[in-house]
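By written order: A, B, C, D, E and F. Residues from 1 in each chain.
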Amino acid sequence: MGNLNLLWQSTGIHNFQAGQVLMMLVGFLLLFLAIKKDFEPLLLLPIGFGAILSNIPVAGIAEEGGILSYLYLGIKTGVFPLLIFMGVGAMTDFGPMLANPKTLLLGAAAQFGIFATLLGALALNIIPGLEFTLKDAAAIAIIGGADGPTAIYVASRLAPDLLGAIAVAAYSYMALVPLIQPPIMRALTTPEERSIEMQQMRNVSKVEKIIFPLVLLVLTTLLLPSAAPLVGMFCFGNLMNASGVVERLSKTAANELINIVTIFLGLAVGSKLSADAFLKLETLGILALGAIAFCIGTATGVIMAKIMNRFSSTPINPLIGAAGVSAVPMAARVANKLGLEANPHNFLLMHAMGPNVAGVIGSAVAAGVLLSLVH
Amino acid sequence: MTELITSGVELMLVGMGIVYAFLVMLIAAIHVMGVLVSRFFPEPSIIDGLVVNNGIDQSSVAAISVAVHQYRTKHK
Amino acid sequence: MGNLNLLWQSTGIHNFQAGQVLMMLVGFLLLFLAIKKDFEPLLLLPIGFGAILSNIPVAGIAEEGGILSYLYLGIKTGVFPLLIFMGVGAMTDFGPMLANPKTLLLGAAAQFGIFATLLGALALNIIPGLEFTLKDAAAIAIIGGADGPTAIYVASRLAPDLLGAIAVAAYSYMALVPLIQPPIMRALTTPEERSIEMQQMRNVSKVEKIIFPLVLLVLTTLLLPSAAPLVGMFCFGNLMNASGVVERLSKTAANELINIVTIFLGLAVGSKLSADAFLKLETLGILALGAIAFCIGTATGVIMAKIMNRFSSTPINPLIGAAGVSAVPMAARVANKLGLEANPHNFLLMHAMGPNVAGVIGSAVAAGVLLSLVH
Amino acid sequence: MTELITSGVELMLVGMGIVYAFLVMLIAAIHVMGVLVSRFFPEPSIIDGLVVNNGIDQSSVAAISVAVHQYRTKHK
Amino acid sequence: MGNLNLLWQSTGIHNFQAGQVLMMLVGFLLLFLAIKKDFEPLLLLPIGFGAILSNIPVAGIAEEGGILSYLYLGIKTGVFPLLIFMGVGAMTDFGPMLANPKTLLLGAAAQFGIFATLLGALALNIIPGLEFTLKDAAAIAIIGGADGPTAIYVASRLAPDLLGAIAVAAYSYMALVPLIQPPIMRALTTPEERSIEMQQMRNVSKVEKIIFPLVLLVLTTLLLPSAAPLVGMFCFGNLMNASGVVERLSKTAANELINIVTIFLGLAVGSKLSADAFLKLETLGILALGAIAFCIGTATGVIMAKIMNRFSSTPINPLIGAAGVSAVPMAARVANKLGLEANPHNFLLMHAMGPNVAGVIGSAVAAGVLLSLVH
Amino acid sequence: MTELITSGVELMLVGMGIVYAFLVMLIAAIHVMGVLVSRFFPEPSIIDGLVVNNGIDQSSVAAISVAVHQYRTKHK
């Protein structure tokens, strides 16, 4: 009978704490969003499952010695987000951006979402019970970059305790881009503006695509070396692909390697969704701020495009400004969809890819600023 | 608290400034690059690429495909 | 001449110990079984080669600083067997089991092989020179689960010293399933019983296949959290596959990732085949007990099916009871073969897949019981 | 020694009990799940699936399917 | 303004040291060679990029805690070069060598390049400012083995400080084989000798291909266990492939796994290209010695073939002797090309593959000698 | 210095000696292996292999090959 008693004392029913139950429900919610609603399933499914696993009582899967604690080392060291960024680099085509470099300004404008959110996070401290440090605020703000690995990398450096909530917010809002952005884009533009057709893009030579990642890396080195790990790994992946001489490496980086790391990273992020860290007022704040960040970034991107139209002869459809938040490629698709709505001959997808990848660079640069100024 | 907000505002101004400055310089660099590349690596005519798929009829495609298949099978 | 002498003193001939020679022969035997006899080559080839490498004198390949010592960390931490279990989950189709849930009872019955063997191991202590602790006995018993990663995981937790022998026994007997099982199955059934045709299975919807791994995980959490690492990673792999929303992840988990880990795990298991650990009376005991475990599991599975036939209107062919030991998919194939022998229209393969995957769950549950009660 | 055997017997009884209990509960859970799923997610008619392959005639499907099967068998 | 000042103090422009600028230029040179000149791009592109990344000021990408410092652990432990060797083994066909085992002597002769270079490195110590220890000299000499992973493995064991320069030299000269070898081969042979057609090779059975890696491993174990890590992993990869029973493992070893490790290894080697370690007189010495090593190896391979022709009835084209340096498969292709030049019916490619893979074994054996005698 | 050179020369002699000795023994081992293999594992006639591709005509091969090629392209 001793055994039965021992076994009863080791059951989950006996050991459950309310917080764990709630966090498992959060995990199931993420799985539901990933599977049923198709919300960024590549990340939210592993994150959700990781959240469930790490809140199983007794098993200690996320505690020292558990498998998730080992996988988390890949985030703690920064290796996982950087490898994912390398793979994303290998999948990225800078062609549309190089064909129309002005769109980089749209990618810059949309990063205002990041810095406005930083201010917002600090302002939220007037709410009793909330105490975001400057580091916390910076880590939360990066959600506005709409770029998963960048957000995880910055959060792991500045505010590891908030990592789970930040990653969940970042990926959730990226998945919500098709819902969040259109009302803002419609509110800020007239039907005529949305109908603007853009000139066909020039052809970008292979040589330019090879040299560009190196130019980007050199500029980062000269001006903002704190962004160099992120930008550097991104450029490395991109150069492997653009150069065409190491196809077997770039394919592996963009497929098997990024897949393996995505599984590990997702589970490890999920392991930070513990009740202690997640069931707090802070998390509500983070979720609210993240939504605001996306909205502001969308708006400033659109407004920047409208400003540029004032000063430029070649017209820009302001819808593509919204793609500047990155959230590759959903934001570009949203711009394309709204363009077609207003004018059935108006294919904006390729034009929107420019600000879209510019937004990736922009948020990596913003990350570099935060990493070098916030201690 | 006010101090925190002050540093937040300063961070916002400096941050957006840097982001803009960086990307403006990148635009400049891309333009310079474009000029240099078109001078030193003039693009070969696009017609070369178009010819590729033209002359070949369907049966050749099948034949090539067999060859490719055998090649891949062996060299995997 | 000093150099020549130095070199002579560093040759294998000069340094060989008898035990190392014997263990290298064991390694060659495993390679022979893997290559010539097609005994579970995916594991036995790396294990055999690892055994050879780790017994090379002077080179120290399995000693601290050698490559096999680094690979062994993946077993010591439990990461490798769990990743393999994740991959196996991604390859598993629970459809046949969900179509006929009663077959879970067959998977339960076959686990009697585990617990009978545990008792057997303890009983063997009457032989002078054998001293199996309760931990040792539990680790040996899990061979009866007929499931490689489960056996390695449990052995690495409870009796790392016996890991090599246990892994070799587990995979060898799995390979021997087509030889071990048929006589027992024939002895316990009449030709009429073996001829029983089973009803066509109902169609299982995609939704059920998605929900089932979550149901299984919740039940494990509530009742037996000590089985949660194993069951959890298995369910994660299964959910990735069943959900269909992360195809690139589930394919990588079921192919490249499991292949890489299999290579590393096999070599690392082989590194535990040192003379000290393997050339002992214990190993003979383990091999004997392993064989007994498989026989008993097979028999109890068949007997359970016969009992169920007494109480159920829909007939069950008792041959599929033998598939309850797991050893996926060989045991199911054996059941199918014997069914066809008795009745050429009797296709049991799909029906046997139910108890077959049930056996995987059953042995993971048994592993959880052992891990939580044996200290 | 006898003590060890006693704990072994106890472990066997408790262990098999838990395994059976667990799997019986799992059977129950599967039944409940089946009922709930068929109520809340009624299966779409299987005819939808059959229509998909319509444009292509059966022999092509067979040929491709043989090829794919051989491919997969070889390249697994 | 404090922030702006802080930011300025964190720019690369403010922090650059001359050495870092020079090393970044070296990195760009390597990228240029890899991309534009197709010099071993699979290694030189990651190495070049790693060199750039590790010389970015402030970012500390190669310093403790940076991603390259973590990747470097794979070299420090010896795991990466050994895994690459395993993958190379899985890609190697010993058939041509087994059909004509005499060609092993050519692979032996070409290793004279290694030992002559060792002497050369020690002799260079008469130049003031150069101080190569015996360990240094041995690590440099292995460049003459014309085998990348072997060179990196030996250098990581004997002279980690020289690793960057040695790896760069090894891969650069391998890429230069089509330029370095032909003049030497022409100088040492008459047109008649280059025209010699070789007899068609016998068929090698699958059984021989399976047994050979085991024979090689046993011989290594008996005579030179210090070469066993290298030879062992190579033979393991080769056995996986030759046996045909673990196709999914050997394919993964020869594709995804070797690709992933190649990316990591290249970046990590690049991280050793710091100004401190590279911008020294030693590096010039290493580059000079590496070139000499390739030349001597080529020459002794050709001369050995001519000597063998004196004593053998079946003629050997001396061009295939040059393939004994390894540099698989470029050296074999060079032999084939020069053979066709002299005699349009003279296809030497397959015949040259024998000494080519023999050269891999030869340099692994030489590495074993150095590792066991140099302390 | 001279001492270092002396050990270098010695290392060279011993090293090349070992390399040659090793590879000569490997040659011997290969010969022995060849004899043993041809005695105990006589090679099956090569004709067995040739028959395999016979029953299928060339056009089917082409068709299958196209299908496989498309499959691979899609599923890569």
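Heads up, the rule we're going with is that a contact is a pair of C-beta atoms (placed from the backbone, for glycine too) under 8 Å apart; a residue touches a chain by one contact, two chains touch by 3 or more.
On a predicted model such as this, the values are computed, not experimentally measured, just so you know.
The interface with the greater count of contacting C-beta pairs, when A-D is set against C-D, is C-D. Set against the Cα centre of chain F, the chain with the most distant centre is A. Taking the mean Cα position of each chain as its centre, B sits at the greatest distance from chain C.
Centres computed as Cα averages put chain C at a distance of 41 Å from chain E.
Chain B and chain C have centres, each the mean of its CA atoms, that are 49 Å apart.
For this pair, chain B with chain E, the centres built from the Cα atoms lie 33 Å apart.
For the pair chain B and chain D, the distance between C-alpha centroids works out to 45 Å. Among the residues of chain D, those in touch with two or more other chains are 11, 14, 18. Counting only residues that touch two or more partner chains, chain C has 3, 7, 223-224, 256, 369, 373.
Against chain A, the residues of chain B that register as touching in their complex are 1, 4-5, 7-9, 11-12, 14-16, 18-27, 29-31, 33-34, 37-38, 41, 43, 46. Taken together, the chain D residues at the contact with chain A in this complex read 10-11, 14, 18. Every residue of chain A that touches chain E in the complex is listed here, in rising order: 77-79, 82, 210, 214, 217, 220-226, 228-229, 232-233, 236, 239-240, 243, 245-246, 248-249, 251-253, 256-257, 369, 372-373. Residue ranges on chain C touching chain E, taken from their complex, read 3, 6-7, 10-13, 15, 24, 28, 31, 34-35, 38, 41-42, 45-46, 49, 52-53, 56-59, 61, 65-67, 70-71, 255-256, 259-260, 262-263, 267. Considering their complex, residues 2-4, 7 of chain A touch chain D.
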